[in-house]
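Structures given as C-alpha cells follow.
What follows is chain A paired twice: with chain B in the first complex and chain C in the second.
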Partner chain A sequence: MSTTNNLIDLEGADHLSDSPTPRYFGREKSRTRSDKAFSGSVVVAALSSLFILVAILFYLATSSWPALQKEGFSFITGTTWIGGLDDPSLQVFQIWPMLYGSFLNALLAIIFAVPISVLLAIFMVFIAPKKIARALTIVVDVLAAIPSGIIGIWGFLVFTPVAEGWARLIHQYLGSIPIFVNNQDQFTRSPFITAWVLGIMIVPIITVVAREVLAQTPQDLLDAARGLGGSLWGTVRMVALPHARGGIVGGVMLGLGRALGETVAIYFVLNLIFERVNYYRILDPEGGSVASMIIAKFGEATPEEIQALLGAGLVLFILTLIVNLIANWIVARSARERLA
Partner chain B sequence: MNETKTAAQEEEVMSIKNVRVPSSPQDVHPNQPGDASVHLETQNLHVWFGKRLILEKVNLAFPVNSVTALIGPSGCGKSTFIRVLNRMHEFIPGAALAGRVLYDGQDMYDAAVDPVNIRTKVGMVFQKPNPFPTMSIRDNVLSGLKLAQMKYENPEEIVRTCLERASLWNEVKDRLDASASSLSGGQQQRLCIARSLAVSPKVLLMDEPCSALDPGSTRRIEETIREISSDMTVVIVTHNMAQAQRVSDYTAFFLSEDGAPAQVVENAKTDEIFKKPKDSRTNDYVNGLFG
Partner chain C sequence: MTIVQEKPSEETFKEPQYPWKKVNPSTSLANSIIVLLPISVFALSFFLTDLPGALLFIVVFLPVQILVAIFATFWGISKKRVGDAVLSVLSLVAFSLVIALMGSVLFSVFSRGLPAISLSFVTQNNTYISPTTVLDYGGVGHALLGTLMVVAIGMIISVPLGIASAIYITDMKGRLSGFVRFMVQAMSGVPSIVAGLFILAAFILSDVSGFSALTGGLAYSILMLPTVARTAEEVLKLVPKDLRDAAIALGSSRARVIMKIVLPTARTGILTAVILGVARVIGETAPLLLTTSNTNGTNLNPFVDAVSTIPVYIFQFLGSGYPTAINRSWGAAFVLMTTVAILFAIARIVERSTKKG
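So, the complex of A and B:
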C-alpha cells in the first residue's frame, strides 16, 4: 500500500469511498480581537441600512393600513380626493392622477435628459481636451449637488418664464398634435416645464454613469474601429455606445428613480390636479406627482388624510425601490458582460 | 499646399513627387524611393513621445504587392513605426513626428489629408485579436464599410470573399450570425483580417498578428498573408525570425542601442538579411545572439 493510502486510512473509512465529498471554503474567519471588532462593526453597518429600509416600510404599511383597507384597490386606480371633512366616512382618497403624473413627469424628464447626458458624456470622453473634460466633471458634480429646493425656486422664477415661451411656440406650430394641445391659454405649471426641471436634476446622474462606462470602452476596440477608417461618430456609434449600452440604461434607471421621488422642485413648478388625469397633454397646466402631493397636503391634513398620504408614500417607495432594483440588475449585468 | 485639390491635381502632385531623387543611399530599400511601384514610403522620419525621440531617420519604401517584415528587439519602436504608417500614432497623447510619410506620392500628414480616408487605404491588424464582441461574424466583416461610411452592394458576397481570403469561410459559413466572441483566438484574428480586407485597403499593416496564437493558427495566417499580397502591400512586425523568412520579401531590422533612438540598421531582401547581412549587428540578431 502506498503512503497516500496509509494517510487516508488514518482519516477514517469514509474517505476511501470512490466519490470523496468536496470541502468548500468560505471567507476566512476573523481571528484577532481587533479583526473581530472590525468585522462586527461592518456587519452592524450593513444590517442597519437593511433595518432602516424594513422599518420605514413597516411603519408606512402599518400606519396607512386603515386608509388602504377602506379604499381597496381604488386607492391606486381612483381619481377622487376629498379630505378635510369632519365626517371621516365622507372622505375619499385615491391617487391615480398623482401616480400617473409621477410617471409622466419622470418619463418626459428622461426623454429630455438622456440625449443631453449621453452627448455630454461622449464629449467629455472622446472629444474634449483633458482640461476641459476635468472642468466639466466638476461642473456636473456641482450640478448634482444643488439642493432640489433651489432648483425648484430657480425653476419657478427663472426657468418657467423661458420655458413658457418654448411651450407657446410648440403649441403654435405643433398644436394639431394631440400631446401639444392646450385649450387653457396658460402654459406654465405644466408637465412639460416640470419635466425640464426634473431633467436638469437628473442630467448629472446619467452623465456621470455614461461617462464612466464610455471611458471603459476597451482601447483595442477603439483602435480597431479607427484602424478601419472609422470616423469619430462611426466609432462612438458602432463601438463605444453598444459597449456602454447596459451601463447607460442603468444610469437612466437611477435618474428615473430620482425623478420619481422628487418632491420640492415639482411642488414649485406644477399644478397638482386631483380629480382627473392629464394623460398626455403635456403643455396643459395640469399634472400630478405623488411626492409633491404629500408635501402639498400634509400641513392641513386630517388624521385619515395623513394615513392616505402615508399610503401614497408607501406606493411611491415600493415603485422607486423596484426601479432601483432593476437599475442595479442592469448595471451588474452589463459589468458582467464587459468582464466576459 | 492648397487644401482644395481635385483628383487630377493630386495625380499631378503625385507624378511630380515620383521623379524625386532618392534620399541617403545607405538607407535605400531595394526598390528606390520615388519608384512608381512604391506607394508607401517614409522619408527622414523621426518620431517622438513627448520630448523623447523614439525613432530616428527612418527611410523605408514598401514596394507594391510585396511583404515587408519589420524585425528587431522589443521596445525598438517597430509598433510605433507601423502606427505612424496609417496615422494611428496621433491618437497617443504627446505623440509627434517629423519627416514625411508618402502614400501614393502625397504626404499623409499634410493638413489637407483626411486621416480617416488614409486609414481605409492603409488598414491595420493588431497584436491581440480585437473583433467587435457585440457584433456577429457577418457584421464584423462589414463593420469597416459602415464605420468608414463607404457605399457597398451585395454584402453577402463581400462577407464570403473576405472570409475566404482570410481562410475562415469554411469554419464559419454556417454561423455567420453567431457572436464574434464565440470564435477561437486564431479564428478571431482571421476575422480581423477579413474585416480589414472588406474596405479594400491598398496596404495592410500587421502588428505581430500571430504572437498570441498557436502554431496551427499562425500557419494559416501566414498562408493568408501570402495570398493577399498578390494584390496588396503587407507590412508585418514580427519577433519570429522563421516567420519573417517564411512570409516576407523584404526585411527591415530596427535597433535601439543603449537607449538611443531606434534606427533602421539594415533593410534588404529577406534572403540577404538572413543569409548574408551586411551589418554585424543584423547578423547577431537574426542568429539569436541578442534580442
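So, the complex of A and C:
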C-alpha cells in the first residue's frame, strides 16, 4: 500500500467497478436487537465526519461572529489590522493582505511543483527501469511523510540561504522584469522562498496522483501508438497526458488545498506584512498567509483579536473545503470517464 | 541518458509493453557524446568564467545537454525521437531535483540533529533550561511523553470512528455510504490550523476545558480520522468475498461477520491504517500551539494543564534564535524523524509479514 494513497480518492467510481463487497443485508432487516445496536452505532460513528465538519463551521462562525459583524465585508477586502488596544472600538481587523498572500504562495508553489511532479510521474511510469521506479515510489512516500515542522526548520535554516543566492541571481540578471524587482537588498523571507518550501510539500501529493493516472493508460492505446510508429514524447503528449489530464488537475487542486492550509513552515520562512499587500514582487521580503497570521497573532491577542483570528480560520476553512471538493470531484469524474 | 535502453528484458504477458523500449542498440557513440559533451562544456565554463556554478548549471549545462541530446537523437537514432530526448533530459532533472531535496532534508536532520542527541537529551525535561543553556542539561523527555500522550488520545478517538466509517462504506453499504465517503474526503482537506481553532473555540474559549493533552488529542483526532478511514476502507475491500459469503451461509449476523471475520482478517491492514494516521499528525505543530500550549515540566495528567510536545518544542527553540537553542530544535527534529521512521518500519514489517503468511 502506498503511504500517500490514502490522501486521495483514486478510484472514485467504485459503484461502476465490480465491487468485492456487495451488500448482503437488507437495510431494515437486522435480525437481533444486538445486531441493530451494532449497525446503529456504526452508522452514528460513520456520520462523525459530518458532525465534525458541521461543528467546525458552527463553532468558528458563532465565536467569530462579533468580529465579522463589525467589519462586514471589509474583513476580507480591507488592509488594516489594528489589535492589542484596550479600547475595542478602535481595533480594526481586515485580512486581505494575508488572504492574497496565501493565494500568491499557493499559486507560485503550484507553478514550481507541477512541472517537477508531472515529469517525475512520466519518468516513473514510462522511462525509468522498474527498480528505479520502485525506489522512486518509496522516495516520494518518504517525502510525503516528512512532518511539516521538519520541512519548516529545514526551510528556515538550510534552504533559505541557498534560495537567497538564487533570488539574488534572478534579481541581478532579470531585475528589470517587474515581478523580480527588489529594492530592499534583503532576499530572504520572500514569497519566492515560501513557494519553494510549499512546492516541496506538494510535489509528493501531485506526483502520487499523476503516477497513478498515467499508469492506468490503457495498454490498447499504448499499443496503437506503437503501431503508428509513435515516439515516447508523441505517445505521452497525444495519449497518456490527455487520458490523465483530469486526474492530474485534481491532484493539483489537492496540492493547492494543502498549500493554502500550511502554517508553521510558512511562519518561519516568510516575513508577514499585515497592512500592505505585496501583489507581485515575489523576491521582496514581504508576504502574507492566513494560517501563519493566526499563529503569529495568537500569542498576544486581545479577546476581540482572537474572534477575528477565528474568523480568519473560518475563511480559510471554507476556501480549503471548496478547493478540496472541486479536486475530489475532478478526480472522481476523470476516473469515471476512464472506466466508461 | 535513458534514450537507449539496455537489452530488452524477457517480458511476461502481464507486463505493460512500451514501444519506445525497442531501440536499435547501435548508438553508443551518440550516447557517449550526450554524456560527455555537456559536462565538458560545463566544466570549461566553470573554470574559465567566475560565474557561480549553480547559475552555469541552469544557463549552460541544461541547454547544452538538451541541444546535444536533440542532435544526437536526430543523427543517431531517428528524427521522430527528438522529443523523447528533451523529455528524458527534463524528467531526469526533475528526478535528481527531488532526490536532492529529500536527501538534503534527511541529511540535515541527521547531521545537525545527531550531535545534540544524548541519553539526557531524550530523558530530561526543560525545567530551569533557558535557550542558552549548554546541551548537557535538559532535553525533550517531557515533550516526547507529551507527544505520545496527545497522539494516543487522538488514536483512541479517531481509530474507532475511522474504522466504523470504513465498515459502513465497504461492508454495510448503507443508503448514505456515498455520502460518508464524500464527507471523509471533505474532511481530509481540513487544514491543521483550522482543527486547532475549532477545538480552541469549542473547548477552551467556552471554558469547557483548559489547555491540556486532551484538547490536543481532540484536534489531532480530526486530522487522523480521514487518513484512518481512507486506508481502512482500502484494506477492508481486500478481505475476500468468500469469507463473508461463508460466514453468512452459516447464518452469522451482520455484527458477527464484521467483528469475527472481516476485522480479524484485516487486522494487520488496520494496524497500517492506524500507523499512517499517527504519522500524518505526529509532526503537526499548529493545532497544538492553540490547544496544548507549552510547558517546561513533565505533565502526565492528560486532562489538566498545558503539556509540551516535540513539534511545539522545536517551534519554541527555533523561534528564540540562539545557536544552542537551534541545536536543541535539530535534536528534537531528529527525535521526531526517528519516531516517524520507526512507525513506518513497523508498518512495512507488518505488511510484509502478512503478504508472506
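We take it that the second predicted complex is superposed on the first by the 298 of 340 C-alpha atoms of A that agree within 3 Å, B and C clash if a C-alpha of one lies under 4 Å from a C-alpha of the other, contacts with A are read in each partner's own complex, and residues count from 1 in each chain.
Operating definition for what follows: contacts are C-beta pairs under 8 Å (C-beta built on N, C-alpha and C of every residue); 3 or more make two chains touch, one makes a residue touch a chain.
All values derive from a computational prediction rather than experimental measurement.
Of the two partner chains, chain C is the only one touched by A:N324; chain B is not. When the two structures are aligned on the shared chain, A:A45 is found in touch with chain C, with no touch to chain B. Judged by the touch definition given at the top, the superposed model places A:E275 against neither chain B nor chain C. Once the two complexes are overlaid on the shared chain, A:G229 sits against chain B and chain C alike.
Between chain B and chain C, the partner in contact with more residues of chain A is C. With both structures placed on the common chain, the touch criterion links A:L221 to chain B but leaves chain C unconnected. In the three-chain superposition model, chain A touches both chain B and chain C at residues 223, 225-226, 229-231, 234-235.
By the touch criterion stated above, chain C contacts chain A in their complex at residues 2, 6, 16-20, 52, 54-55, 78, 80-84, 86-88, 90-95, 97-99, 101-102, 104-106, 108-109, 112, 160-161, 164-165, 167-176, 178-195, 197-198, 200-202, 205-206, 222, 225-227, 229-231, 234-241, 244, 248, 253-255, 257-259, 269, 272-273, 276, 279, 282-286, 289-290, 311, 314-315, 318, 326, 329-330, 333, 336-337, 340, 344, 351.
Residues of chain B that touch chain A in their complex: 86, 88, 91, 93, 116-120, 123-124, 126, 128, 130-135, 143-144, 146-150, 181, 192, 195-196, 199.
The part of chain A that touches chain B in the complex is made up of residues 130, 218, 220-221, 223-231, 234-235, 238-239, 242-243, 340.
Listing the residues of chain A that touch chain C in their complex gives 1, 3, 5-7, 9, 14-15, 19-25, 27, 30-32, 34-35, 38-39, 41-43, 45-50, 52-53, 55-56, 59-60, 62-64, 115-117, 119-120, 122-123, 126-129, 136, 139-140, 142-143, 145-154, 156-159, 165-166, 169, 200, 203, 219, 222-223, 225-226, 229-237, 254, 257, 260-264, 268, 291, 294-295, 298, 306, 309-310, 313, 316-317, 320-321, 323-325, 327-328.
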